[in-house]
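We just call them A, B, C and D in the order they show up, numbering each chain from 1.
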Amino acid sequence: MDRDARLQEWERRAQPYLFIASTLFLTSYSVRVLDPGLSPAWYVLWETVTVVSWSVFVAEYLARLVFSRDRWHFVRTRWLDLIVTVLPLLRPLRMIDLHERMQLRRDAPGLGLEARVMTYSGLAAALLGYAASLAVYHVESSAPDANIHTFGDAVWWACSTLTTTGYGDATPVTARGRVVAVGLMFVGVALVGAVVGSFSSYLMRSFRREGER
Amino acid sequence: MDRDARLQEWERRAQPYLFIASTLFLTSYSVRVLDPGLSPAWYVLWETVTVVSWSVFVAEYLARLVFSRDRWHFVRTRWLDLIVTVLPLLRPLRMIDLHERMQLRRDAPGLGLEARVMTYSGLAAALLGYAASLAVYHVESSAPDANIHTFGDAVWWACSTLTTTGYGDATPVTARGRVVAVGLMFVGVALVGAVVGSFSSYLMRSFRREGER
Amino acid sequence: MDRDARLQEWERRAQPYLFIASTLFLTSYSVRVLDPGLSPAWYVLWETVTVVSWSVFVAEYLARLVFSRDRWHFVRTRWLDLIVTVLPLLRPLRMIDLHERMQLRRDAPGLGLEARVMTYSGLAAALLGYAASLAVYHVESSAPDANIHTFGDAVWWACSTLTTTGYGDATPVTARGRVVAVGLMFVGVALVGAVVGSFSSYLMRSFRREGER
Amino acid sequence: MDRDARLQEWERRAQPYLFIASTLFLTSYSVRVLDPGLSPAWYVLWETVTVVSWSVFVAEYLARLVFSRDRWHFVRTRWLDLIVTVLPLLRPLRMIDLHERMQLRRDAPGLGLEARVMTYSGLAAALLGYAASLAVYHVESSAPDANIHTFGDAVWWACSTLTTTGYGDATPVTARGRVVAVGLMFVGVALVGAVVGSFSSYLMRSFRREGER
């Protein structure tokens, strides 16, 4: 119990530093991908920032894993931590989780459950869409038969995928680009689920309230 | 309190004039976009109507903003007003909101909640689809590699986007056209949400009623 | 009241004859569209069957309209009758409505509400998909730049539209074909709504039952 | 009653052997489709495994059908058995059904209803997607104008279909491939329904629990 409490204390204290590291990771990766005219010196600098911030995430996760008593329990209950350590572009997702927990601790949810679900799924969709656009633009821009040529094309593709519209005028053609796309498609289905489910739930409650009046 | 009451009184009185102005805006914009054989004199006339009606919206919004005591509160609570002032093509959406409030004041909703959600989301989808078709046709018709050549193509594209079908045989290729398209896609997801949520809610209530019998 | 009762008696008695007429209409239209090698004599025969059965629908609807006391009320409450009179390909939809009413009269719904919604929306989707495939194949097969060449292509397009997948490898290019397609797209959204809503409702009830145990 | 009990006893005992047979069927079919450089001897060996395991399924189904007292009742209540006997690629689906029944017998559902629905629909989607990719790759790889050339293309197509995105850059062009695709599309709609419905149901319950606190 003591050990768990110390783990939680550590996690609470480490958050601000991890937040700075995740901002640095996202910024350095974005700059490297989006600015083709970067001088070699700057490129190396930004690459170092990317690598160092990623190392911080991996080191912090491993440290916690080694420290925790029941390691399999740790991996299972903190699966989101594992995902954002392997795919650091998604780390800002962790902020949503933190915000939610802080809200619950203060016992002041502020917004209703549906409004929070809508806000969180909107933020998650925006972050995932941006990360997927970056990654797909990164891997597709050098493919010979690509139809995603600019970052604008990648954003356009990401929006059409997230809403499950799928025009097909801009689609990844490389294996790595398609793996990212498959992830985004299933997020699209979940996003539709979150919006639709929240809306349905909101309607049901409105009715109950109307009935009680 | 007095000031708020006067603001509401002003808003109630201004509505008919704003409704006329929004009809004029929609008509003049539609005529300019849809009639390529317009003589220069008529074109200038209709353009003047567009500009004047838009100015009316902006002036009315600014007047209310200056008059209101808590300006940040005004901006936050009337965000729909800000949207329809910046994008006047969507102003008729305001009518839905007004109708709903009038219904509530008369305490006679007439239709059930689901029926109203279906009706309103249907009307909103029709208006947004028409506005998006007009705007996309406007910006795409002069693009060199466009595949939306006629207003019919634009309507076809808008329907395929709103239902998240996304055939991809007619898609915007310009940056401005794609921004409009992204807006319409997310409306499509919300529309599906409204239809599905209302239907689910309606089924649940039917069951409860059957159970009570 | 007497007049209404006689109207209902008439409607009850006319159903079998209308059912035969709607089967004849669907068969004659299908044969004319699907069999390109029809000899002129047979073509004229089947065309006569189409025209006569359609005339029967129109005559029956007008007779009821003239007979009913409150004509506007008649048009409003029997809007499905108006639709299936104008678009007789959809007339078999009327059978679903009839079956439901018969079930209610016998007070033996047999299936639960969700199962009926799933069955009915499945049948409606199948009928509408078949009717849309026929109509689109009919109007597209003679268009010069069509990409729907066979009835199989039309069915393939209809399935991809009903599920809102929208591959875009087979899409109507004529104005009339696109009008049919837009109708089918919105049915697709409603179908998804029916399936999803029923499923959600079924889950909720399962939970309540589990909770009561 | 005695006969039904013996049928159930038989079904319980036969399951492990059928599971081995279904694994052999899936493996042998996969190897034959995915390995183009298979030597003739090995090809014949794997083909024999496919045919023998299929024969086992058919024989077992027919034996149970002949043994059961009310045959029409048997066919109707065990429709999933009929489907997985005709389409043995889908047989692992049977495992989900078995797992669910075992859970119910032990009276220890472990997970909540929504979590089970999400898990089962995820597993079903993965299995159906894999089976459809295999089957489509099998029939399309020899078609002259195919745009699905590799197994990777087939998986990419299956993911875009299951989520109803439908890019259309890789679609089946043969009749048999399209029949498989239509099946997968409707599964896609049902999958979206399962995810959305479960989510909506989960939200509703969260609310009720929050209200009770």
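The rule is simple: a contact is a pair of C-beta atoms (placed from the backbone, for glycine too) under 8 Å apart; a residue touches a chain by one contact, two chains touch by 3 or more.
Source: prediction; values computed, not measured.
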With centres defined as the mean of Cα atoms, the chain at greatest distance from chain A is chain C
So chain A and chain B: same face meeting same face, with over half the numbers shared, or different?
different
Centroid spacing, where centroids are CA-atom means, of chain B and chain D in whole angstrom
45
Using the average of all C-alpha atoms in each chain as its centre, how far is it in Å between chain C and chain D?
32
When you check chain C against every other chain, which residues touch at least two of them?
164-168, 192, 196-197, 200, 204
Could you pull out which chain B residues touch chain D in their complex?
164-168, 196-197, 200
With touch defined as at the start, can you tell me which chain A residues reach chain B in the complex?
152, 156, 159-160, 163-169, 191-192, 195-197, 199-204, 206-207, 210
Write out the stretch or stretches of chain B touching chain A in their complex.
113-114, 117, 161, 164-168, 171, 175, 178, 181-182, 185-186, 188-190, 192-194, 196-198, 200-201, 204-205
